[in-house]
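Presented below is the structure to which this report refers.
Labels run A, B, C and D following the written order; every chain starts at residue 1.
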Amino acid sequence: MTTPPPAADRLDQLLIALRQFTRERSWEQFHDPKNLSMLLASEAGELLQLFRWVRNDESDAFAAQADNRRRIEEELADCAIGVLLLADRLGIDLAAAVRVKIELNRVKYPAPGAREE
Amino acid sequence: MTTPPPAADRLDQLLIALRQFTRERSWEQFHDPKNLSMLLASEAGELLQLFRWVRNDESDAFAAQADNRRRIEEELADCAIGVLLLADRLGIDLAAAVRVKIELNRVKYPAPGAREE
Amino acid sequence: MTTPPPAADRLDQLLIALRQFTRERSWEQFHDPKNLSMLLASEAGELLQLFRWVRNDESDAFAAQADNRRRIEEELADCAIGVLLLADRLGIDLAAAVRVKIELNRVKYPAPGAREE
Amino acid sequence: MTTPPPAADRLDQLLIALRQFTRERSWEQFHDPKNLSMLLASEAGELLQLFRWVRNDESDAFAAQADNRRRIEEELADCAIGVLLLADRLGIDLAAAVRVKIELNRVKYPAPGAREE
């Protein structure tokens, strides 16, 4: 994995687009935190559905097929949208929350044979 | 919602941190797409668990309490990590996928009384 | 709730039908415990999807509408099938497991003002 | 699979126990269909969590280990309870719904080389 990370975009620009989309449809009324947690989990369930009969060792090849890839991209985007909408509703700085969680995980799961700084 | 979006960070920097964390633990072997779809769905299930007995109209207030907020942030970060890891494994440009999905949703759910360009 | 419980059937008869259905299609090969846990969670996600924009206090009325009810019945049946297939694969006596769990819950959540026998 | 199915119990007796447990705690107020769909999905997420890093071809052996088996039984029982509570709330005859769904699946997925009656 020496290639540069593929995603180079700012979360705030995605949020601006999502806020506009929501506002145009007056959907803020449905986007309370409870409902958004259901949105995210149901979209994660759709992603799960794509992989449920695929073997572990065949799942990379499965995901590489054009039709499967397109569906995975759509479901994964839906999950990302769920995450972003909930973070935005609650005023959570998602990037900061992810960085904090990675640090918590560093403590919880120390790297073997490695000095953690 | 006139405040600027709270998250202003680049997805690629989060991916760099996640890749390093994964590599230090030799966890790439577990991170095939099938397993990552399970990671995401199980983390989404934990988020769901926090809200399952909370009423819609009380869920914003619930999420604002310090203890609840901390747990929601952790679970939401876990979901974001699941999304990012899967996107990275499959070489999916997450920001692009989200933008594409928003456009698809614009067609699927036209805004009422608004001319969509 | 003075009416008799609506479900009066034996789990073992459902299992016999499910085993036959699975065997006729040679689907045992896909029904390892990992995959069945994904089946169950993805079906639970579909059920979730039906209710995600419905308010708590409107969800009974929502579920009573004929079309919604039919879809809920189908999704709930899929979840039940997931539970039954996994129990059967692992040789778990589901009814016994449920009774044990109810007893564990009695200890974990004592009934207020009630002497538990 | 020539052994008799392991579960030989009546769904209605489980429902009686669940109704009593719920009533003793006055939890009917929380058990609207929306919340119960979240209960089921979050419990399915916990089951998923147990299997997320286990390979397909190792998941039967994993589930056979005593500690894992005990946890799987507990989580599966929780899922079964979620299914039963929702069926009961909506007056759905779960056994009938399962039989109907098996018949629908027979049509949707015809058995190869077999005449379906």
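The criterion applied here is as follows: a residue touches a chain if its C-beta (ideal position, glycine included) is under 8 Å from a C-beta of that chain, and two chains touch if they have at least 3 such contacts.
Every value quoted in this text rests on a predicted model; they were computed, and no experiment measured them.
Trainee: What rotation angle takes the CA atoms of chain C onto those of chain D? Round to the nearest 5 degrees.
Mentor: Answer in degrees: 180, to the nearest 5.
Trainee: Is the contact between chain A and chain B built from the same residue numbers on each copy (over half shared) or from different ones (under half shared)?
Mentor: Same residues, largely: of all residue numbers at this interface, over half are found in both copies.
Trainee: Indicate the whole-number Å distance between the mean C-alpha point of chain A and the mean C-alpha point of chain B.
Mentor: A distance of 3 Å separates the two centres.
Trainee: Averaging only over C-alpha atoms, locate the centres of chain B and chain D and give their separation in whole Å.
Mentor: Measuring from centre to centre gives 28 Å for this pair.
Trainee: Can you list the residues of chain B that touch 2 or more other chains?
Mentor: Residue numbers touching two or more other chains: 35, 37-38, 41-42, 44-45, 48, 51, 55-57.
Trainee: Which bits of chain B are touching chain D when the two form their complex?
Mentor: 30, 35, 38-39, 41-46, 48-49, 51-53
Trainee: What residues of chain D sit close enough to touch chain A in their complex?
Mentor: 37-38, 41-42, 45, 48, 55-57
Trainee: Enumerate the contact residues on chain B facing chain A in the complex.
Mentor: Contact set of chain B toward chain A: 1, 4-19, 21, 23-26, 32-35, 37-38, 40-41, 44-45, 47-48, 50-51, 54-57, 59-60, 62-64, 69, 72-74, 76-84, 86-102, 104-106, 109, 111-112, 114.
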